[in-house]
Structures are given as C-alpha cells and as structure tokens.
C-alpha cells in the first residue's frame, strides 16, 4: 500500500500496462508534446516514443474509430478524451461501432479499447464542458462503463479495462484528480468491472452514488454519524454498466431507506435506474420512497453562483437523508 | 375529422405549415428528388422548389448545424433524419449546440428547429439501424422530445413543434406509418408539447407507454377486458421531455398498480424514469412494485427469430399486468 | 472461390492471355448471378431488411482484390457481398447470412450489411455511411505496428465522402502515412449517386481527387467497368502501398445497374435511358470481349462459366434454405466477451 | 468602440493616410490592453474557467471586421473577445461576462467562450472546436433566403480544420454557394498551433488552401500580422461574397503570443526563441510604423491611444467588479423559450 493521488494512480497504471504489454498504446489530443491538459500522460512520450503515445488531430470520431480498428487486430489502445464532453462528437463511433461490432460480426472480433477522460462539473467551464455522461453511455449494451471514486479504484478499474476484451468508457471525476488515497502495490492489482462496493457501512440509511458525489456522500455520512448518531451506509456504484445491485439490495434490506446521489440531470438519469431497480427487487423492504438528489434541469451556467446552485452539495444530501428518515 | 394514416398526417402537416409560413423549410437526405425513403416528403420538391426542400449531402452533423444556423435567424427548418439512428452522428450538434445556445447566450436566440424521423425496431435492419432514442435525447435540458403514437398526435405535435421556438426531437414510430386514425381538420389543430394523455380509461391497472408500444398496450387492454373483465388504463407519454406525470399519478392513485412498456434497453431507459417518478410521487399508493416491460439488453440482431425475441410483444405486456395484479 | 489467390508479384500482361483473366471473368459472372439470386430471394421474402447489390460494379472489387494477398484486410460498407465472395468466403454462408440463418457468415446476427469473415480478412460490413473509414485507418496503423506486411483495402461510395468520418480518417491516414504507418488502399466505388442524389448534387467539387489529395494522399482515377484498367492500377498501387506504408486512393468510376437497395423500385432520380446507356458498358461483357480477342474465349467457355455460376448460386440458396435459424440463446451471446471476466 | 463603422465601399488607400487607419490602430491597441487585463484578472481569480486571449492576432479580426457592415453576422470559437469588442459590444459587458456577472453580455451564463451580442451581429462564441462552422453556413443560407444582403463571418483556427464538422460545413457551403445562397467569409486564424500541436503534426497537408478548394471554395492567404494586407484582401473578398452569395475563405497567417489558454504556462511545445522571433512581427508595431510613415503618427499620438485603451480596459474591469452576480432565478431562465407555450 502507498498513498497516491487519483491522477497519479491513472498515470502510473498507463505506464505500468504499457511496460507490461507492447500492444497497449495511448492516443489523444495533446497527450504527447503538450503532456496532457490534466498531465495524466506527462513524460510518456519521452518514455515510450511517438508510435505508442500518439498525438492526434482534433478529430474525436477519428480517434475512437482508428482505436477500434487497432483493437480488432489485437492492439489495446487507450484513448484520452481531453474532456469526456468531446466524446459526444464521437458518439456514433462509440455506441454504433465499438459497442456493436462484436455482436453483428457474430463474435468474430474482440474490441479492447478504453476511452477515458474527465467528466462532470468543473469550475466555470460552462454548458458545453461540464457534463456527466454515465447514463448517456450506460444505456448501450456492448459497452462497459466505469466511474472510479477513489485512487485505488481508478487504478484497479483502469487495469481491468486495459486487460479486457471490450470497449470501456472510463469516466474520471476531474474534481478528484488531486485526491489522495491508499493504493495497493501489487502490479496485477485489479478491480473487477461490474462490482459495486460498500464504501462505508451503516445501519440506518443507504446512500447510493459514484465518483465525486460518492465522496461527498461519505463526508455527509461522517458528519451525521458525529452530529446525529445516524449511521449511513454508502454504496459506490463504480461500475455503471454492467450494474451490480447486490450490495444495494442487501443494504436496503438492512436500512429500508435509500437515497441516490448524482451530479447530472434527473430526467432519465442514473438515479432513475437505481430507484427503479430498488423497487423492482426489494419494494416491500422500503419504509420510504427512494429519494433522488440530482443536479438541476439546466445546462451548466458559467457564473460561479449559478453553477453552485446547479449541482448537489452536502446539505442537499443531508436533507434527502433526513427526508427518508422522516426527520427534520 | 377525417381518417388518415400516421404517414399522411406528418406529410400533410409539413405541407400545410410550409404553405402557411414561408420560413418553414424541410431538409434532409433524399427528401427531394428521391421523394423520401419513407415518402414523407413525396411531391414536396415539385410543390415548393429546391430552396425550401433541400436535398443535403450525407452529413447529419452538417444538416443539424446548418438548420440551427437558419433557426437563429428566424427560419423554421424541419430536418429529416433518414432514420433517427443517423442522428447519433449529429449528437454533438443536437445536445451541445441546438439544446444549449439559448442558455449560454443568455436568451438572445430562439432555436425553432425540428429534427424528425423514424426510430425504433424495424424488420431486420440489424444493430446500427434499430434504435429507440427517447432516453438518449430525453436526458438533455434545452430539448423538447416527443413521440406520437397516433395519426392525430403526429399531426398535432408536429404542428406545435414547427410553430415553437425551441429544438424538438420528433420521434416517429416507423411501424406506425401505415396506421390509420381520425385526425381533426382544423388547420390550426395542435397538441401541446408536454402533455401526456389517457389513451384508454380503466380502473384496475395503469400501463404507461408511448408510440408503437402504446398501441400494443391498447390491444392488450382490449383483450384483457374481453377475456378477464380486467380494465386497463393506458397512459400515452407522447411527450418524453418535458415529462407530464399528472395523468400517470392520477391513474395510479386510482389503480394502485403500474406497468411501463418500452421497446428499448432497460438500463437507464425510459421505464426507469417513469418507475422512479411514480415512487417519488405516489409511493404509498402502490399495491405492487412498478413492473418494466423492455427490450432485451442486446444490440438488435438481424435474424428474424432473434429480433422477435429482442423486443416486447403483447404476451409480455399481459404477463406484466398479471404480475402487478398478483394473478397467474 | 478464391482458390487461385493471385499474387501481385506476378502481373499478367493485359495484352496476352492468362488463365487468371478467365478466372476473374468467372468470378465476376458468379458475383452477378449471386446478386441476382439475392434479389429474387428478397422478393420472395426469404431475405429481409436492406439489400444492396453490386450489379454493374463487379470489375471494381474484382480487379482490386485480385491484386491483394492472403492476410490483407478488407473493410466495406453495406454493399459488401462481392467483397466476401472474392475473399473466398463460402457462398452458402454468405447467402445464409442474408437469410438470417445460424450458418450465416456472421451467425445470422449481422445480415447483408454486416458480413464478417475475419479468418479471410473481411472485417465488415458496416451500415453507417463512412463510419468504417476510421476503423480501416486504425487497422492499417496496427498492421505496421505489429510488423505485419499486409495492407488494408477500404471501400466506400462517392456519397460517403461528404461525412465527417471520411475527413477525419483521411487526415489521420495522411499523417500516419508520412511515418510509413498507414498501408491502406482507399477505394472510391464512384457510381455517381448517393442513393438518389447525383454526385453533382451532393459534392461541391465533383473532381473527387482534390478531396483526397488535400490530405497528402495520392489518387488515381480508373475506369471501373474495365477489369484490366482496375487491375493494372491496383497492381502498381497495392505494391507501392505495401512497400511504403503510405495510403493511396483509387477512384473507380462505375455505375449501379440495380436500384440503390431492393426497395428502390421507382428510381425517380435517373432515367431508364441513362441506365440503358450505362449497361452498354457492362463490365462482364467488356472483359468477355477482351478475352475472346486475346484468349480466344468461346461462347462455350462462357456457357460453362455461366452454368457453374448459376449452379453455385443455386447451391448457396439451397444451403441457406436448408439451414436452421440461429439458436435462441444466440440472442445473448457476443454482446460482450464471454468466459472468465478480467479483473 | 465601433462608433466609426467602416463601409467596404470606401476603401482607404494603404499608401495614403486615412483617419480610419489610426482608428484601427487604436482598436488593436485596445484589444491588446483589454486582453492583458483579462489575464491579470484571471490570475487574481476574478475570472474563472477557460480564458483564451487574442494577443498577437489582433490584425486578423480587426482588418477583416473593418471590411464588414452593420448587420453582418459573426461566428467565432472560444477565442472571441476581440470579435465582440470590434462589433461594438460594451467592453464593460464583455468583461462582466468573463467575471460571471449579471451585467455580462451573455448575462453571465456563457463566460469567455460564449460571448453573444446578437443585436450587433455576434452569434457566439462556441466551445466545441469546429462546431460553429455548420451554424455559420446555415445562417449564410438564411440571409439570402430572407433576402438580406448581409454576409456571415466565420472564424476558426488551423486545428479546427481536422474535425468532421469543418468538412461537412465546407461541402454544404460550396454546394449552396453555387446557387448564390451562401454568403459566408470563412476566416482561418492560422496561428500554427492547435493548443500544443503544431500544424505539421496535426494536418497531413500544411497547405490549408487545398483543404478548402476541395469544396470549390476559393481561398486567399494573407499576412495576418499586417493590417493593411488583411484589410486589403478583406475589402475585395467581402464585396465579392456580398455580391455573389458565394463563400470565400481567407487564411490569415498569424501567431499566438500568449499561451493557448490562461492555464498554458509551460508551453513545452514551442521555444522561448520561437516566441521572441514571432514577437518581432507584432501587428501593432507594424501598423504603428506604417502610420508613422504615411500619417506622421507621433509617439504622443500613440501615447494618447495607449492611455485611452488602458483607461477603457480599467473601466471595463471596474464595471465588472462593481456588477452583481446573476440573480439566482437566472439559473432557470432561458433553458427553453418562456411565456405562453405553443400548442
């Protein structure tokens, strides 16, 4: 175990996997000479050379498509989206090509491509640059979608993604890049894709989230434990697709109360699936309706005061918890 | 009132609105000389000329973007996607431009553009050509998303969309083009965007759906009424965004049982939002968990036998109804 | 069908007879008969979905693939039957795919637009216009990265040149080609129409070479109805691409004798006369006449080929007919990789 | 600032002095001082998000917009401050937008990348590289369709030329231009870099004119550091576009003196020397020297301009500083149209 930042965990994993396997390469805009806008790939061009650290033109669809073409021949490209917002320009290549080729070829190809980059609200990046894309991509069979909320998961999930055989959308929380945490040293440390985890045990209420909002939920849990003696169980849905509900259901059977926290828009969002799935499975266990804490239904505004109003904060989560506890 | 097909209702509305307002134009691939792959625009090039019926190159992003550029100057372009699947190539222009310009300009522009075309499963069109995009687009504030399930709604909603000031994603059920129904003659007949409707009254169970699946649900309702004396209330969510829940909640307060029917994938799909929203609002009214009837979690296969297994049919809806009735 | 896979080393001289020429005529005749069979079966309702045939364009892919080697890769659009047949895919399996049977080349899951035969180099079969160009470009990079000496053939239509993915792929191919890292032969199957939109109406500049050269990719325009012309250019170009690792684009000017797809009956975008005139340059007739000249090919020889082709196509249909639909479990297979999960 | 809006009818002769030339120098100096102020305020934390300044490129948009008319439309990327200032937008409102204040030109909801001033023809301000090109093309069509005689100016960088939307927009502009239905002046602000990627590394062919002419759109390359050169070309070209309704593309070769954005401190992609050499061709200095020659411009005159520019920029900052943040209700306004719903 060693303490590392979320950013370093990602950087390190890329380096380790490239050292381990010649077929792993990285490509993206300004990841080489410029060393990456978030410096995830800093130093890698020098280390691995331009054939394995490819600076691409501004052409997201081209980037993803060429990566898929490499992947079907056995390479393992990791594509960096400068921010995940730009992946929308490549949406067709992602959901209609990467996600479906295995299927419509009758299983003749593997598509080991990872598409990674920061998503979610930044600080005043405004409407086109502040989106969380978990439900946007999570809807499509053929894709794996993961969203690590800790340095250890960033490392373990990225390694699983790189060593896999399928397209993985790897959603990084820009807000967590600087966050530090314990990361196992085992060079083969992996976190299975498709397993949620209990981030904090508790008996009174279940909070379900991922990424940055999961970290916020943990803070709230500690506060409520200290102030109110309320024990919140926090479930980290680090894998958006496939979605592992087991820990959620088990927790709700215990707490009988659930809150879902997401940064993005409510309508047709992440929380809807979690809430619906809980009803599907453990409806009779619920002592209160599942409450969704979500971003406001607006494009992200630029002004800081408005931006802060557009996304959930600790008090919003706390309020929701009190609501399902029928307290106030 | 006159009986018309869903296809003719759309065609007629386009013609009427173009006759009424010079600023309304249509553009798309092969809508002019070729007269449209589904013949929605048949005869319109002759009638209105090439300036108002624009055959575009194969460039969906270009089509949508240029339409937005026309719209901000006061034109009212209606863009045909040969099938909505191709709109994914234009996803960035739709969700990051059309949907957000009004907002990040501080309200300086109107964006009256309609993007219409068939979506959903056809007959053996396979994975890239068989998608339903309601939750894909329904997630984004700044868009209106509608999905008519009858000729009258096709007409009334399209007219509202064309006369509006905002981008509207108009999802047509290819499977319904040939369907006939009564359509009001009033040249100003409109159906408000953002209003669900009760498609069939019933007291025992509520079925919520839209488009083709709504029509299937109606069939099932008639059958169960005849065979089982069961009265199913069918709610037609013809407006995906904004989502009008009032008729749904009112119905559930009456029936205490709800089934949601959608053709597309379950995970992060339409049904999740409806189910979650029902829990949000009338949790205590439910005598059974909301059941979701959805397509299987696979890309659409080509083989007819597999394709039929991939989407819901009447027996699936019937089974779900029996399940929430605790019958078998 | 590809039993005598030609090697671009041995370039037959168009002036003199070679057994390979007659073999290529035989292949073109087979493609024609096979496609006609698919149209018949479509009308009978045995084939569903979209069906796009290659009738009239046979000399393009036949001439180009005859300059290929085993191990080379092929990417095509949805008009991909001929490509599969020329790579040596089992005609029965191709027809079975169109019938949606479990014995289909893509297990019945892809259909006419998504033929795959990776073992023989066919990497699809794509339905989104232009969407496969970036894939082909990436595969070309991978070939060199993996130290393989094969090349990629990427086929697309004139209409595909207007979509963004064409542009992005071409620029990346041009860039990578400078490093000798992009051995891809782009082939424009220029049949003058994107569905019902003629090239003058969909492309600001109808000289498509300018479009390609803007990315530092050399181009050559060939008569796509003349197999000798196509093959002649392909031999030179494919060897060059294989040696240099730089992309090249062949524009083959051809014509689609059938409708865009099986549903394109009326064809309001072109006149019967135009089609008739185009049919005067039937690639099969042109090659046949040349071979009569230089090889003394007789009507009897051709008769034999025709009989063989018709019989083969019939066999393919029978195989498809007699094949079972996919097992229902297939619905859930190949969505993602199976077996032991990574991580 | 645009009080003396120039008319492309009256073309001042570069050889002889004209009050307009000094006015344009004044504007360029103001843009420079204004941008420097935004960089200072960014470092102070008064401005958030991304900040892309125009320092070093002033002569490009100044020269081109000086050939425009009131009513013309402008589309820009995210490097859009100068464009707003030249259209006569209130500098205070522009600065307030960057500060995220309610008095901002886009009500504080857009920020630096999304400046809008529709009343003066500024239709944004866009953050997705190349995404605004189709919009500009559609607006050009609309101008003619609506029988307006204005033109659209569409600015974008060299790096934007590699994304699909560039290609799709250019082809549609070329097609519509043939009907005289696309009066758009495309302006490549070619500063040699896409963020940290030099043009040789992002574009297969560095001769960008070939890229544009492939769509039947004529191009002209101008020295973007020389206001006279830019203005001279713009006068001719804008008049032509206005008269013919056909698109034209001006490639202005320029250089970005500052980092790509305010966060681009290290600039590992270029050497200090390279930047220093480029600064020897400062567009402001070049124009100033020319005016000293032909107008007998004195250091005093320039001093006055400088003082005015600094004062104006300071005023803008003070206005922004003293403005209130947007009303919290603004969060929910302008998501969609308000008031009585259609239907």
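The first chain written gets the first letter, and so on, giving A, B, C and D; residue counts start at 1 in each chain.
Keep in mind that, in the parts below, a residue touches a chain if its C-beta (ideal position, glycine included) is under 8 Å from a C-beta of that chain, and two chains touch if they have at least 3 such contacts.
As the structure is a computational prediction, the values presented were derived from the model and not from experiment.
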Problem - Centroid-based (C-alpha) most distant chain relative to chain B - result: D
Completion exercise
Between B-D and B-C, more contacting C-beta pairs sit at B-D
Fill in the blank from the handout: Separation of the C-alpha centres, chain A versus chain C, in whole Å, is 41
Practice task
Could you grab the centroid distance between chain B and chain C? Build each centroid from C-alpha atoms only and quote it in angstrom.
Solution key: 37
Practice task
Could you give the separation in Å between the centres of chain C and chain D, each centre being the mean of its C-alpha atoms?
Solution key: 46
Practice task
Could you tell me which residues belong to chain C and also touch two or more other chains?
Solution key: 104, 106, 108-111, 114, 126, 128, 162-165, 168, 171-172, 175, 201-203, 335
Problem - chain A, residues touching no fewer than two other chains - result: 57, 59, 61-62, 85, 89, 92, 96, 103-104, 126-128, 141-142, 297-299, 301-302
Practice task
Enumerate the contact residues on chain A facing chain C in the complex.
Solution key: 23, 25, 50-51, 56-57, 59, 61-62, 64-75, 77, 92-93, 96-97, 101-110, 141-142, 144, 156-157, 159-160, 163-166, 190-194
Completion exercise
The chain C residues in contact with chain A across the complex are 104-111, 114, 116-118, 123-126, 128, 131-143, 145-146, 164-165, 168-169, 171-172, 175, 179, 181, 333-337, 341-343
Handout entry: Of all residues in chain C, those that touch chain D in their complex
Key = 162-168, 170-175, 177-178, 201-205, 210-211, 213-217
Problem - Residues on chain C engaged by chain B in the complex (per definition of touch) - result: 48-50, 97, 100-102, 104, 106, 108-111, 113-114, 126-130, 159-160, 162-165, 194-197, 201-203, 263, 266, 268-269, 325-326, 328, 330-332, 335
Problem - Contact footprint of chain B on chain A as seen in their complex - result: 85, 88-89, 91-92, 95-96, 99-100, 103-104, 126-128, 134-136, 138-142, 241, 243, 264-265, 267-273, 275-277, 279-280, 283, 286, 288-292, 297-299, 301-302
